[in-house]
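Two complexes come next, and they have one chain in common, chain A, joined by chain B in the first and chain C in the second.
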Partner chain A sequence: MIRTGEQPLLCIRDLYVEFPLFRRTVHAVNGCSIAVEPGQIVGLVGESGSGKSVTALASLGLIAPPGRVRGSIEIDGREVVGRPESALSSLRGGVAAMIFQNPTTALNPYFTIGRQMTDVIRLHRKPGTVDARAAATRALDQVGLPDTEAQLHKYPHQFSGGQLQRVMIALALACEPRLLIADEPTTALDVTVQAQIIVLLRELAADTGLSVLFITHDLGVVASLCDRVCVMYAGSVMEEGAVRDMFARPAHPYTRKLLDTVPRLGTGRHEFVAIPGQVPDLSQPPPGCPFHPRCDIATETCRRQQPAPQRIGSGHLAACHYPQRALRLVSNGTRGEKP
Partner chain B sequence: MSALLEVRNLGKTYPTRRGVVQAVSDVSFDVEAGETLALVGESGCGKTTVALTLLRLLQHDAGEVYFDGRNLDALSTTDRQGVRRNLSIVFQNPYSSLDPRMRIRDIVGEPLRTVYRLRGHELTERVARHLESVGLAREHLSRYPHEFSGGQRQRIAIARALALEPRLLVLDEPTSALDVSVQAQVLNLLRSLQQRLNLSYLFISHNLAVVEQMADRVLVMYLGRIVETGPVADIFERPAHPYTRALLDSIPSVDPSRRDRLKPISGEIPSALVHHPGCPFAPRCPRADDLCRTAMPPLDGQPDRRRAACFHPLTQETTQ
Partner chain C sequence: MSSVAVLPQPGRWRIAWHLVSGNPLFVAGLVVVLLVIFCALFAPWVAPFEPHAINFADKLVPPGLAHPFGTDDLGRDILSRVIFGARTSLIIGITVLAVALVVGIPIGLMAGYYGGRLDTILMRVTDVFLAFPPLLLPIAITAALGAGLFNAMLALAVSWFPWYARILRGAVLRVCGERYIDAARAMGVRDLWIMIRHALPNATTPVLVQASMDFGYTILAAASLSFIGIGARPPTIEWGLMVALSRSKFLDFWWIAAFPGAAIFMTVLAVNLIGDGLRDVLDPRYRGRT
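Here is the complex of A and B:
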């Protein structure tokens, strides 16, 4: 695996995505910037409607008109925004691959797994340079499916949900991409299967230098899998940093609250911590900081002026006017678990 | 005194073209008044089948269900309908469990119309009271489901489930479709309703951290059988069955320094079509020996005590 040094494999800068509707426009992503370096696993977390999936789709040029994309997305130094469809198809599945939440709808029920995998491999590799069937078997082997030769002859309905998600990962890895974009790949799966997938992705990143942008709403998955994390809210990145730093010392009030809402094992009985209010309507985003209507420490400045990302520590940024105040606030949730 | 709900040796099979699927075998448990019993396990372990048979949305083919000491199968249809009013259910997804073409008044009022034949002002008043008890307002009566957020929809589903003033509520993954920030509001509501109305909950969930907070006792199921049961704090602290241990070890911790504790179980849930003589978990179990592969470990002991169906439990506190 060739590493390009310091240059990020995926670099999203100042991304805006809008969807014009009948009388209004939904501003799904508002100035989001994310970088994924080679070999890194970056988590993108947020509630429903925070713009995380739209960001992922935009990264591979998958926002269809009338959706509008502004800003810059570079994959391996190549610009995605404004690139013609024909040029994008070499990027998709080649350098970068994507997996989705529900593997049963992402695969074609009429074709065998082997056919679907070899089609993709033949499309992206020069004919004759590679034995597509052998490559497919190798990919299935890599994700830990037993008896790979026999699996190639099966149809999607003959697999369990967890196996099928591993087939999806194998399909994504078959052309040896350097970037994997995973949109909630474990949300529909049991915790036992989720744990298998987390360990698998960790091994792939360590062994092959694969970079991953992992979209999830589960902070436990982020803590167990990712090196870095970006917290999105109402289409903007609220905070980003190394997982260890940010989970120990969240600087944005939203991150802190989000961490408090997660029920933890072994903490004894207590009230569940909720975040009052609702995610804003993105066709009428509130002025100033998008989180201010739900924030305990919001001031007049927060209501008027959108905060720019501030540096908190090494590689740790928070888009808050008062990050120091948030850091000092005592968390009202019960942190820490019993051993 | 007998428990509010008693389930004895419940069994349910589904005939398929490729053979018979034993979805639930020999499941027995009690739910006391005001208590929460959690049912946990992976998809396909039979937890929803158990819930649906209790509500008579599915007909079981073995065992008995007693509500308040009365055998539901021995009752006449009219009597059974009377008992059945005491049981209700909240489904997982409030986006599909509410009819998009019905107003909230009609959704929550439907059981009151059909069972108590309430109409007009009386019906509206009763529905408004139920909406208020779940934190919604009178002004929501004439709205449609699409005008509400996920958390509000689940409140509507709870109001509908409570319309006939049941004594036992089945909660089938009631917050899995909601964001964590909203999940907390719904769980707090369920807890306060339980205290106020002395409700019993059968709480089905795959989120063990939520189960620990909500439930008094827990029932762990694997391939249609109970593998372990007892007080939730004891079991999560010191699981006796290797499967319970494995489930707990599969939960990703929110603490990044604990990431190495994540230990996936090897292998997959075997097909329910293939019947093995031994323990259903034996093929994936690190402690399995020849005995486990040839004989089914029994779930012995008193129904109200800690029990585990394992020949080699991790702790000796069970009454094996």
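Here is the complex of A and C:
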């Protein structure tokens, strides 16, 4: 993990999350470490089932039993793992808020959004210090919903998916959190709305110093939004670095393959590249490097020994025994463009 | 009836009416139930005779102009007694359901929300109550507490609450899988508030529908208890008791048993029809429509 001066707002160290099932245990997160500094937007990318969402839920202490969490998660210097529910609820919403993937199911269908927003605002601000209704209106205005007064009286089913996602973001922002954990907030949205939300998040990060942990599998969104990016695979971070570095010089074979899968416009090549094989069954993770069954350059060492993260460049880490080989493969022209 | 409580804003009455008016069976049920409520509220003015007035000169008169439902073996007007009986029946239905819901809802809510050991304990305790045959438990309880309408109502409530606890637990389990429960927790909302504000409103529909149907069954069950002599006792006017008292004579004088019996039948049927239609009205997706 990399430290650059300031105390990170979210600091996940060596996180393990397991879900014991009937006969086996699913190791959803295996030794993941991520840091988000104030004002920073960190992308967390990976395939489905790589442990991104579980990491996000664990960050706010939302892993329900029988799920087990080990390791350390600090939000604003306060430890989350092992804290009782009562201590966590002051942290949630007020310091760190979360946005969920599917906005149509993340709001209570029984109440108007105005009521749901004012409920949450009253929960986190001292009574009398703020007009909850005005704060709700302001938050909706902030996410670019028109005619905010009228929106407050509507029920969730009266919004479109894109509007609802903005309502969700407004709900999260209404309590002025310092950290926003966004679990695939743009996945269900069309590209124009997606672009608006990206612009909004960047503005908030720049203007108010909001930190964001942005979970997605869309590398395009990461490129346009994030400062840093962590690539997750089978519950651990494979590579971590500044967006520019990682996209130009991916050091881990998995990152390189992930970037290869992005179809490119205007290059004349219209073939789709897929990564052969599947995400490993996390109840029986492969020994050694979790990526070795799908890796082209895997050796006997990879099959035996799990690689520790090693430094590639400034603020750039990769958990690979042979990071330079991946770099070489890029310069061999598999990706069609050179840094 | 029940729909009144859950539709607080005035504009929703029109929406509610719009939703149910397309359902003629619901409307029919509503008309009958409103009639029963009307009779219960205004019994002294609606009833043509004093229900307790004994008149041996006019005993066992068949239905006719003077006595539309006839008279019983003490010469009491059956129509008047059926009208006054509506009071008892409504009180029974409301009391039994209120007690059963007040006990059953917190149990179901906590069992469904917290799960785990608490769920197991609460559900096994309710299972004990469910293990008895439906009418046997109230009979046993009333037998132990002593016959009487109040004890009968209490006994019925005790044998009814496990159903609400179970139904609500199931509904809460379903609701707790929804994203908005996680979202509420992620926003720092505390358990109690999540249960009351998010889990309960979204889980009550099946309970309310069941309760509206059970309203009829509680009247029926109370009538059964009265019939076998451990429910209401004279001089309380209760439909089941009226049928019971006519036991020795109704083969010759059919109207003594037929009209109170018909009153039970009509009320139970009407309440069931309403219960069916209520499902549509309570669906939040219809909220906020104009």
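Following the convention adopted for this analysis, the second predicted complex is superposed on the first by the 322 of 339 C-alpha atoms of A that agree within 3 Å, B and C clash if a C-alpha of one lies under 4 Å from a C-alpha of the other, contacts with A are read in each partner's own complex, and residues count from 1 in each chain.
In the analysis below, contacts are C-beta pairs under 8 Å (C-beta built on N, C-alpha and C of every residue); 3 or more make two chains touch, one makes a residue touch a chain.
What you see is a predicted model, and the numbers here were worked out from it, not measured in a lab.
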Could you classify chain B and chain C on chain A, in the superposed arrangement, as clash or fit? fit
Based on the superposed arrangement, let me know which partner A:F100 touches: chain B (first), chain C (second), both, or neither? second
Which of the two partners, first being chain B and second being chain C, lies in contact with A:P84: first, second, both, or neither? neither
On the chain A superposition, what angle, as a multiple of 10 degrees, is formed at chain A by the C-alpha centres of chain B and chain C? 80
Just checking: does A:S160 make contact with chain B only, chain C only, both, or neither of them? Give me first, second, both or neither. first
What is the contact status of A:V262 with respect to chain B (first) and chain C (second): first, second, both, or neither? first
Between chain B (first) and chain C (second), which does A:L219 come into contact with in this model arrangement: first, second, both, or neither? first
Partner chain in contact with A:D119 - chain B first, chain C second, else both or neither: second
Looking at the overlay, does A:N108 come into contact with chain B only (first), chain C only (second), both, or neither? second
After superposing the two complexes, find the smallest distance in angstrom between C-alpha atoms of chain B and C-alpha atoms of chain C. 9
What part of chain B is in contact with chain A in the complex they form? 42-43, 149-150, 179-185, 187-188, 206-210, 212-213, 236-237, 246-259, 262-265, 268-269
Of all residues in chain C, those that touch chain A in their complex: 116, 178-180, 182-191, 193, 197-198, 201-202, 284-285, 287-288
Which positions of chain A touch chain B when the two form their complex? 47-48, 160-163, 190-196, 198-199, 217-221, 223-225, 243-244, 247, 257-259, 261-266, 269-275, 278, 336-337
Quick one: in the complex, what on chain A touches chain C? 57, 60, 62, 65, 85-86, 88-94, 97-98, 100, 102, 105-112, 119-120, 123-124, 153-155, 157-158, 168, 171-172, 175
